[in-house]
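As written, the chain order gives the labels A, B, C and D, with residue 1 at the start of each chain.
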Amino acid sequence: MSQVNRLSRGGRIDRSQPLTFTFNGETYQGYAGDTLAAALLANGVDVIGRSFKYSRPRGIVAAGAEEPNAVLQIGSREETQIPNVRATQQALYSGLVAASTNGWPSVNNDLMGILGKVGGKMMPPGFYYKTFMYPSSLWMTYEKYIRKAAGLGRAPLENDPDIYDHINQHCDVLVIGAGPAGLAAALAAGRSGARVILADEQEEFGGSLLDTRETLDGKPAAEWVAKVVAELKTLPEVTLLPRATVNGYHDHNFLTIHERRTDHLGETAPLGAFSAPQARHRVHRVRAGRVVLAAGAHERPLVYANNDVPGNMLAGAVSTYVRRYGVAPGKKLVLATNNDYAYRTALDWLDAGLQVVAVADARSNPRGSWVEEVRSRGVRVLTGSSVIDVRGGKRVEAARVAAIDPVAMKVTSPGEWLDCDLVASSGGYSPVVHLASHLGGRPEWREDILAFVPGEGNGLQKRIDAGAVNGVFKLGDVIANGFEAGVKAAAETGFKATAGDLPRTEKRVEEAAIALFQVPHEKPTARAPKQFVDLQNDVTAAGIELATREGFESVEHVKRYTALGFGTDQGKLGNINGLAIAARSMGISIPQMGTTMFRPNYTPVTFGAVAGRHCGHLFEPKRYTAMQAWHVANGAEFEDVGQWKRPWYFPKKGEDLHAAVARECLAVRNSVGILDASTLGKIDIQGPDAREFLNRVYTNAWTKLDVGKARYGLMCKEDGMVFDDGVTACLADNHFLMTTTTGGAARVLQWLELYHQTEWPELKVYFTSVTDHWATMTLSGPNSRKLLAEVTDIDLDKDGFPFMTWKEGNVAGVPARVFRISFTGELSYEVNVQADYALGVWEKLIEAGKKYDLTPYGTETMHVLRAEKGFIIVGQDTDASVTPDDLNMGWCVGRTKPFSWIGWRGMNREDCLREDRKQLVGLKPIDPLKVLPEGAQLVFDPKQSIPMTMVGHVTSSYMSATMGHSFAMAVVKGGLKRMGERVFAPLADGSVIEAEIVSSVFYDPKGERQNV
Amino acid sequence: MQRYSGFGLFKHSLSHHENWQRMWRNPTPKPVYDVVIVGGGGHGLATAYYLAKEFGVKNVAVVEKGWLGGGNTARNTTIVRSNYLWDESAQLYEHAMKLWEGLSQDINYNVMYSPRGVYNLCHTLQDMRDSERRVSANRLNGIDGELLNAEQVAAEIPYLDCSKNTRYPIMGATVQRRGGVARHDAVAWGYARAADAAGVDLIQQTEVIGFRKQDGAVIGVETTRGFIGAKRVGVVTAGNSGHMAKLAGFRLPIESHPLQALVSEPIKPIIDSVIMSNAVHGYISQSDKGDLVIGAGIDGYNGYGQRGSYPTIEHTLQAIVEMFPILSRVRMNRQWGGIVDTSPDACPVISKTPVKNLFFNCGWGTGGFKATPGSGHVFAASLATGEMHPLAKPFALERFHTGALIDEHGAAAVAH
Amino acid sequence: MLHIFCPHCGELRSEEEFHAAGQAHIARPLDPNACTDEEWGDYLFFRDNPRGLHHELWLHAAGCRKYFNATRHTISYEILETYKIGEKPSVTEAGGSEKKPVAKGVTA
Amino acid sequence: MTAVNVYKQRPDKIEGQSPLHHAGLAELVGKGKSGAGVHLREKKLLGHLTLRGDAKDPAFAGGVHKALGVELPVALTLVANGSLSLQWLAPDEWLLIVPRGEEFATEKRLREALGNELHYAVVNVSGGQTLLELSGPKVREMLMKSTSYDVHPSNFPVGKAVGTHFAKTQLVIRHTAEETWELVVRRSFADYIWLWLQDASAEFGLAIEA
């Protein structure tokens, strides 16, 4: 099909660059410079989709972000599918594949449309709340069918081949919108030397100037645009961002811009410089000193009967298609308006050599310059009239124009049907106030222009409005307003600016519009043919009236009940008409009705773009120890602990977790194992009050810990609940090294700082994280001493270097601090070296350990071994409701310490002193081969019917290769006084595991093995 | 009350829907009520409804500063579940769940309760332990719950990335199949209509600006439309509870934070259950209109602005794309914020207060919507008798003094 | 995203560098053991949570790692001042200060 | 010195492995794209010391000056003396970077100068962090993709150094010459930062330098 609607001349398209694309499987041609919408209109495509609720045929209405109907599926391949692309904002590229998002079997022959016609009468707003209730069991079935009708486009089913990224911008002045006001503002501010960003959602800068019939300095306005843009490009501190929509205006003048960098080139981003992937979209995260909001205004359509039939368009959009794209979306135009500006469309249409059947102006006696110009060119201008109804199925065939009384909402003449194929309407202009309201600022109604403008609001936005958004519509005034805004914005950020030269504009008389938010019909609204307010959601004037009749009186209620403004256009087209209709039906004024809240985004933003590069391998840091390469080379499986990757176990060929762990456990118990313990938090503490500080933050006493010794400590929060634990060593009188759990390292340090900085600044102490500086490897097992002795100059004599002490010396030629502490219950040495040298030490230990069958072990084996000893893991055996006494660790509570340390008062509250609290005990399953699931709930009476009385749960549970039976740790109500009693774990499969309550220390209760 | 049904809809279509009645009246406040409920959100309206319907207290007013259901009821992500860890909360939420199951019929308003299954993903060994603990507790409390392994999760949730390549590979999940979603606005409107029909006065656009007290007991509320007397007052003003407490002269163990959510553009159904993840911090479901409904954790600072900070939105969508890489090209339509009253143990406060005859129901944190019917029911029972309903008793303010907290943090670190 | 002036670094930084740490000026009782359960519970859990000016504690986590105080309006999110630990706010709800929030803010 | 345990932690003769050892940077030298906009060099295995003390106390400030030959830098700045640099991290905290192996002697010198009466701390953190030097015409733009801190020269002149948010972690950025910047990176995050830098630099071309 040729481009039947393409004009032979004019427009900013490049007729020498034809581009082929497909829509719903048909191949078409457009030109470089087209939007997809322009190209579809050029090819005479009338029906672009079907409406959401009634499945009525719909065509293109607008030329920009306010388009409600032309919402298409783009993409030729599964992984590049993009749902819900507005054809008016998609540049045409060669090979573009587009399709309608609904309509079955096709948009032109849609079976749902028949259902819509028949059932439509039964689908007023909120109909679904009133039905599908009986019988209750059937809702899920109803829902299944309702969901079949859901949605517009579809998500791809394969992963996105494209990447997206972010950039952080800081500027003195952010100018939003590069129409006449924005260009002027950017120029004024940019010339001052201020850092300026100019962002505009369109493919090129210029806004309305790209298609206006008005002149500047007697020349086409686009020439002025080109001159300004050329100068802006020479200013080093000015950043120009076309195809970039400012979508969110957040607190403290932080804004987000969604830049579509390659969507005009194809459905997936081509490789860029250095053959690197280019980001398809980029989000600019902008902190702006001042914002100049020059977002323009959206034209409102008139709301008349059957105003959704394809061929009903916005007047301004018709001009845009004609003048910017060289496309005439019809032959015979009827124009309906309530204002002067729309007359430009009639003139543009005439200039294109096409027929204007009539202009229907709701005003009784319009005499503006453009009106007179239209009259002078022989066009029939019907005053005091409007289009009140339209005829046509998939395309407008005729429009009925009649005299109306817009105040009384009456049709006052029989009117006449005028044959036409295009009805262009204009109901006035709504400033694009969205961004100005993102922080809650309420727009203000201006009766003189019949529109909401951005309110002074609450002063939270450092924002200056310019141009149409500010209610300034005359071109000369708009540019002057832009210059003023730019100068002011620069001045307020410390730059001296002067306004640019105002280009000369045409002199003319412009007259005010009159209010016309719904065109009357002979029949009452409820009985008239459908008058659509929100096209995407099939919201009609009758629906809005019904909502108010049912008591939905707040604007938010009306919105929610009718779905007005819930579409992907977010009500840009219909909201003002809708709330005016609601106001009228309740007998209140528009400002009394108010607007709904505007929230980001102004237009939809790709998920991937919001996520940026923070996905896949960059989703979150993976933290590694210095021995990571060795672990990987030796087949470790890893466990996520916080952000760390820790070796979980080291399977040998054919081993599963259980086999590997059994082997690793036995190796430690019988010979020697090695663990990478580098991830434990380590905090260097220096200062004369270090000891006092420890006394205050640990539950136990630190006054008497000698230099050279180490001690285990528990930490509680002020509520007395255990929060972290670890061993702290006294390195010198005023010098300690604290260890924390892996996951707790950062929060413990922060907590120490909190108390030091806010409560006890008088204590002389400094905390420094040395977690990353030290690498730690634990040798554990009866042969650890022999092994270590081979590579160290430290005297390992058991009396000279006893349990819970530390020594300095060389290990494998590297200076080390060695701690004789044990988390396995075996003779153990924790070797700490500067992390840069750790891999070498580790490898030498592995080499030297061969003769002892030195076995690397992971966290799982560590967990089993420590559990055999009854050592807790904070976070596994505790949650935030466990006191030291609950853990049977009263020995670690300094009940007589003079200072009321953190946690002491909390653990002495009434509820913490109950005798029947859940207490940590050991469990020995009666069947030694059954391993209790970790987390399993416990009961005393397995015969009780549901709900059962739960008395605790299993916190840790393993099969012990050493002991040859399963065992567990658990918290049980009053458990410490129930030794020898039975508990039961009723499992999901119906079985019950029975276990005896025993001491939580299963292995070597006297601690003889670690103390040799 | 005009009864709703498919037949009624057909009948009204013949008269062009011109004869539908108001869903609720716009009454002038009476001088005095037996019970005044402050806050016309889901919980307040449910309280009023059950007071009138089940507890025979019909002289009731709901005083709402804005529009009915305009607070968190209008801003949440509509998830319904009852799989809580501790007995006290599990029983309360399960009470709500049972009411959800017959709610549309009870109030003759389709709230679209859709038990499509709620999955909580496990990404670490500790997640798995915690999940076993919770599911096991649910089961023994008579609440449905299953723990799935990674293969089962992959089979049940299409398009979820269950590979080992993710930052935090999925190890399993819990599922509560009776859990799901409901239509949030419909809950408020349905309760409002039913309460109105039962005689409750719904007084909108009227803000409570003080509590009038006599001898240490409340005797009514001062409002922007004057004094309204009451024998008992129930405050259910999520997001503003601290402010109400201040007006009443005491403090609460509550801090109000922004909680953000967002929706995509409507797309064809692709997510047919509710999927939540603590570790990557996001959750997602899809509405019957096709919008992906997405949320995450709260912002760290106190805030009543009904908006939060942008990085929270970024982190949330990073989590969603990490879980469902195919959604990367889908687009976010709108974001918004609610105000959540967070309590130290992530459990609500349903309690008497230092002021006699003044009751508070607050502190639901991120989980209030799902409790709406149960919360309203037990609060109504308490307001009717002046004594706390047994299910409400553990949630009294005293627990913050005795230390008997009900710590649900472990079970739900992510907002929902 | 908030823009917060760190009184130690002496410049405005993005919220991403900070952690909010709750209400400021909650002093730990000097003698906890003398507190009743009720007093201790009040210290632990009960907060002003104002709808309006809030004195709160922040940590410059990515910067100087120092805690400091801010006076912030909880509806408008406007920050009226930041000040060091140990200092008193100059803007208070009660006190008549020169500095007034530009807005009370709005909620829907 | 008895109140604090100070000892030599670095071996003399053994070659260590810097936090980016596994990345094999040495093998990548010269293999980058020509015309690269970003050049990366790991200044590895240097001596890093954290210094804590009261800047307002002349004894402390004087002692530091005596030991190091530089004044304590004021907020957000960096001073250098030959191969030694001293950077403000916080009102009571500085980062001192010295050539490899000099950290022990430097710490001793500091402790001698500061004496036993003052309350201060010196902590060797050499193993815990590394320095990445980025240079080239596109470094600033690459940094803009990585941090929300304003790296425009009007806000971030040469000689400034800030701790800030970077990608999804935190680090210190130092502006050392017009087109040269340094990142102070914690060891366990080094791999993540390396992955991030490669990704963020790809569009500008990345070259590794020895």
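The definition used in the following text is that a residue touches a chain if its C-beta (ideal position, glycine included) is under 8 Å from a C-beta of that chain, and two chains touch if they have at least 3 such contacts.
Just so it is clear, the model here is predicted, and its values are computed rather than measured.
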Legend entry - Interface with more contacting C-beta pairs, comparing A-D to A-C: A-D
Legend entry - Centre-of-Cα separation between subunit D and subunit A, whole angstrom: 34
Legend entry - Inter-centroid spacing, subunit C versus subunit B (mean Cα positions, whole Å): 29
Inset, instruction - Mind checking the centre-to-centre distance between subunit B and subunit D? Centres are C-alpha means, answer in whole Å. - result: 50
Legend entry - Contacts with two or more other chains, residues of subunit C listed in rising order: 1-2, 14, 16, 19, 37, 40-41, 44, 61, 65-66, 76-77, 105, 107-108
Inset, instruction - Would you please write down the residue numbers of subunit D that are in contact with two or more other chains? - result: 148-149
Legend entry - Residues within subunit B bordering two or more other chains: 66, 70, 305-306, 309-310, 401-403
Legend entry - Touching pairs - complete list by chain label: A-B, A-C, A-D, B-C, C-D
Legend entry - Residues of subunit C defined as touching subunit B within the complex: 1-2, 15-16, 19-20, 22-23, 37-38, 40-42, 44-51, 54, 56, 72, 74-77, 105, 107-108
Legend entry - Complex contacts: residues of subunit A adjacent to subunit C: 250-254, 285, 287, 440-442, 457-460, 556, 597, 718-719, 750, 753-754, 757-759, 761, 900, 904-906, 909-910
Legend entry - Of subunit C, residues touching subunit D in the complex: 1, 8-11, 13-14, 16-17, 61-66
Legend entry - Contact footprint of subunit C on subunit D as seen in their complex: 75-76, 89-91, 93, 148-149, 162-165, 170
Legend entry - Complex interface listing, subunit B residues touching subunit C: 66, 70, 240, 242-243, 246, 251-256, 300-306, 309-311, 339, 344, 400-403
